[in-house]
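Lettered A, B and C in written order, each chain numbered from 1.
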Amino acid sequence: MITDFVQNCIDGIMVGSGYSLLALGFTLVFGVLKRLNLSYGPSIMLGAYVGTWSFLNIADNIWLVLLTTICATVVIGIYVEQLCFRAVSKETTIASMVSSFAIWMQLEEIALHLLPERTYPFPAFFDSGLLEFGPFTARSEYLFMFVVMLLLLLILHAFIYRTRIGLAIRAYSDHPSASAYMGIDGSSVLFLAFIIVSIIGGIAGFLILSADSQITPFFGLWATFKGLIAMMLGGIGSLSGAVLGGLILGVIEANAFWYGDPVIRDISSFMLLFTMLIIRPGGIFGHKIEIHQKIASERV
Amino acid sequence: MFDLRSISKSFGSLKALDQLDLQLKPKIITGLIGPNGSGKTTLINIMTGIYAPDSGSIYFHQQNLTGESAECFAQKSIARTFQNIRLFKRMTVMENIMASLVTKEKNKRNNWFSYPFTRNKFNLNKAHEVLEIMNLKDQRNLFAEELPLPLRRKLEIARALVAEPEVILLDEPAGGMTPSETFEMAELINLHVAPGRTIVLIEHKMDLISKICNHLVVLNHGEKIVEGETHEVLSHKKVLEAYIGI
Amino acid sequence: MLNDYLLTVISNIGMISMIAISAYLILITGEISFGQQAYFGISAYAGSIATTLWGWPFWMALIFGSFLAGVAGGLISALTVRINGIYYSIATLAFAEMVRLSLLKFSYQFEIDGEWIGPNGSEGFGEIRWIFENDISILEYTLLIYLVLFLLIAFIYLIEHSKLGMIFRMLGQDPLLASVQGVKIIRYKVLAASLAGFAAGLGGMLYAHSFTYIEPQIFNVMLGVHSLAYGLIGGLGTVLGPIIGVVLDIGFLESIRGIQGYRMIVFGGLMAVMLIFMPRGILDEKRVHRFKKFWEGKTHV
């Protein structure tokens, strides 16, 4: 009984580390832009499609797949940044969001042109093995994903809080116009943020898909959903919050799936999200931001 | 009428207002001055219910309004302008003025069924009157975001006026204006805004203050340091200290 | 001539317009809802249960379903008044997905003429036969849809030009300023959300009876995001905006069937480019105002 629960939690953390990776990307881009990039998941999906395509048509080399996936995701990320975020005026946040949705539709169709079947195999990083720890088990590729996720969190954290570029990003995200007076070029910050986020996305997509060993066009929607939920659970704008949010989402899902079924799994994660947004909108671990009404936080 | 008793308000560790008492005298212009960050705007925010004070109480016509919402303050016939101008950007000048009439008492000519709202004769007449007063007639079909700054400030005042409030709180109505625009604003306030109303005027421009205020209150670090007749206050030692920092 | 296929497209435009109007109503009060499809779905199910299982008359079922959707919209809005921006958007998304997933578990069947009829989880809800039982042709049903749409547009148009419309726009542009002018924000937010729920509900119930079969998957987030996009393409300055958006989308996509397979590439790109130049849509507040002035100038002469 209790071993089941613990095993579920382990599974949840393993799967959840994928959510955490996606949430890291979401939280960075939302933190900097203050606008929602709906096409983040689909960009990763298309990037991974390019990866699969190179696997099928060029060479059976896992490094090549990793490289093409990341590069393609970066290129798509830049395309989205230029079209939906740089060109659209900053005050109209909805326009950017809807525009990123339009691009989503575009990306999905491009993916279908690239590889028209419904599912394709995605190469595994290494031969999957079941690691045993006493009564508990974990799959090696998930464990690997977990470790990579933690490493990425550390690197990102160091980058954002210890480097000059990180400082510029934080300054811009805190107050774009004030940072401009300090000589920070907003558009290069945006550009850079999109590149970083796309690299994270490429890595996330690669690891998740190679653990799943297959790819479908639904991956885009799936990734956007899981990343968003995990980000909101952890609290917007916090890197460790994003990671924790992802892990919690994973654990909840794993348990709900074990004791219920896939539908119950999904309902419970949305229920958790909804209740949390009402009771504690700042996220489980987010700072207690008062966003009751704009009024409370706004200088008048 | 407006009666504030030992109001305090902090933002984090910063005490923006500290045990402040203030009684407004009816039907005169009270100037509210003080160095930057002394808590003037915060005081007005408390007097319009945007912030609730941490302690102390607010009475308006002997009625306790402490902790009430901004809507409630508005319905007590208290209007204001903002230091950082706030207008409905995607509405025209005319619509901005009409918006201010939306919640005014539902008399026969201004109820839910007076249709269409922006063509309602009664409201239109009122709006045209204020537009005339504030010299905004020619701009009435422009969008608020297309106006230059002095006209935006005027529109804010026009919007307050049209609701025929008893009290108007003006937060730097001449902020960012040239001397001649400031002069025009002083005339407008003297001629059209002040008569018959209780006014609070925040300003840094001493010539404007001395021209139109009868009574002055000086704030520094959230405390009231001096209060009295304008000419007396302006030559008061403490005021000079606070401003010039001797 | 009007063949059945064309009629289906036209009636689709009518029904989708209703959910687009619903998303538009939330948009003009300043929030973005990813969840209007939930109200579309709630009413589709409730209305169809009423006609098919309870034998209610069509109009009563239409009102019942939409009313239920309106109440749900108001409730959700009352629960979420404290949050705004992305928090509100994600909360509505979460609610809509909860509704969709619950419908996957929802089963309520009666035995009618030896057949089990009614919603049954992921198998959906078929045999919504009101049209056939009453011998209503596609043309007649399309006219009925447009009658409802016309009434809805007229209603929203009246609201927009009344005090209430002014209040909605005030809320959307600066809620703080609205409250300083005495507008009770929460009350009107809830009211707008109920109206929006009702509008989406009308569309949903009509949709179910037009296709005679519904399943939870129809009411997924794609429907919601599309209906948001319609308002933004067509313009947020008038209730006709979302309808223009729907006509452009469905009409355009249908008319370029020749380049099947590249439609979204073309359309998505066009939409993104358009939003750069018209971030609040074709008929935004300014263009609507100019158009009105122009019109007045003409009629006064």
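FYI, a residue touches a chain if its C-beta (ideal position, glycine included) is under 8 Å from a C-beta of that chain, and two chains touch if they have at least 3 such contacts.
Bear in mind that the values here come from a model prediction, so they are computed numbers and not experimental data.
If you walk touching chains, what's the least steps from chain A to chain C?
So the least number of steps between the two chains is 1.
Compute per-chain Cα centres, compare each with the mean of all protein Cα atoms, and return the closest chain.
C
With centres defined as the mean of C-alpha atoms, identify the chain lying farthest from chain C.
So the chain farthest away from chain C turns out to be B.
Averaging only over C-alpha atoms, locate the centres of chain A and chain C and give their separation in whole Å.
The answer is 30 Å.
Based only on mean CA positions, could you tell me how far chain A sits from chain B in angstrom?
Their C-alpha centroids are separated by 47 Å.
Centroid of chain B to centroid of chain C, CA atoms only: how many Å?
Inter-chain centre distance comes to 42 Å.
So which stretches of chain C touch two or more other chains?
176, 179, 185, 280
Listing for chain A: what residues touch at least two other chains?
In chain A, 295, 300 touch at least two other chains.
In chain B, what residues contact two or more other chains?
50, 70, in rising order.
Any idea which chain A residues touch chain C in the complex?
So the residues of chain A touching chain C come out as 30, 36, 38, 83-84, 87-89, 91-92, 94-99, 101-106, 108-110, 112-113, 221, 228-229, 232, 236, 263, 266-267, 270-271, 273-274, 277-278, 281, 291-295, 298, 300.
Which of the residues in chain B end up touching chain C in this complex?
Listed in rising order, the residues of chain B that touch chain C are 48, 50, 69-71, 73-75, 80, 86-92, 95, 98-100, 102-103, 112-118, 141, 143, 163.
What residues of chain C sit close enough to touch chain A in their complex?
The touching residues are 27, 32, 79-80, 82-87, 89-91, 93-95, 97-98, 101-102, 104-105, 175-176, 179, 185, 221, 225, 228-229, 232-233, 261-265, 267-269, 271-273, 275-276, 279-280.
Which positions of chain C touch chain B when the two form their complex?
158, 161-167, 169-170, 173-174, 176-185, 280, 284-286, 289, 293
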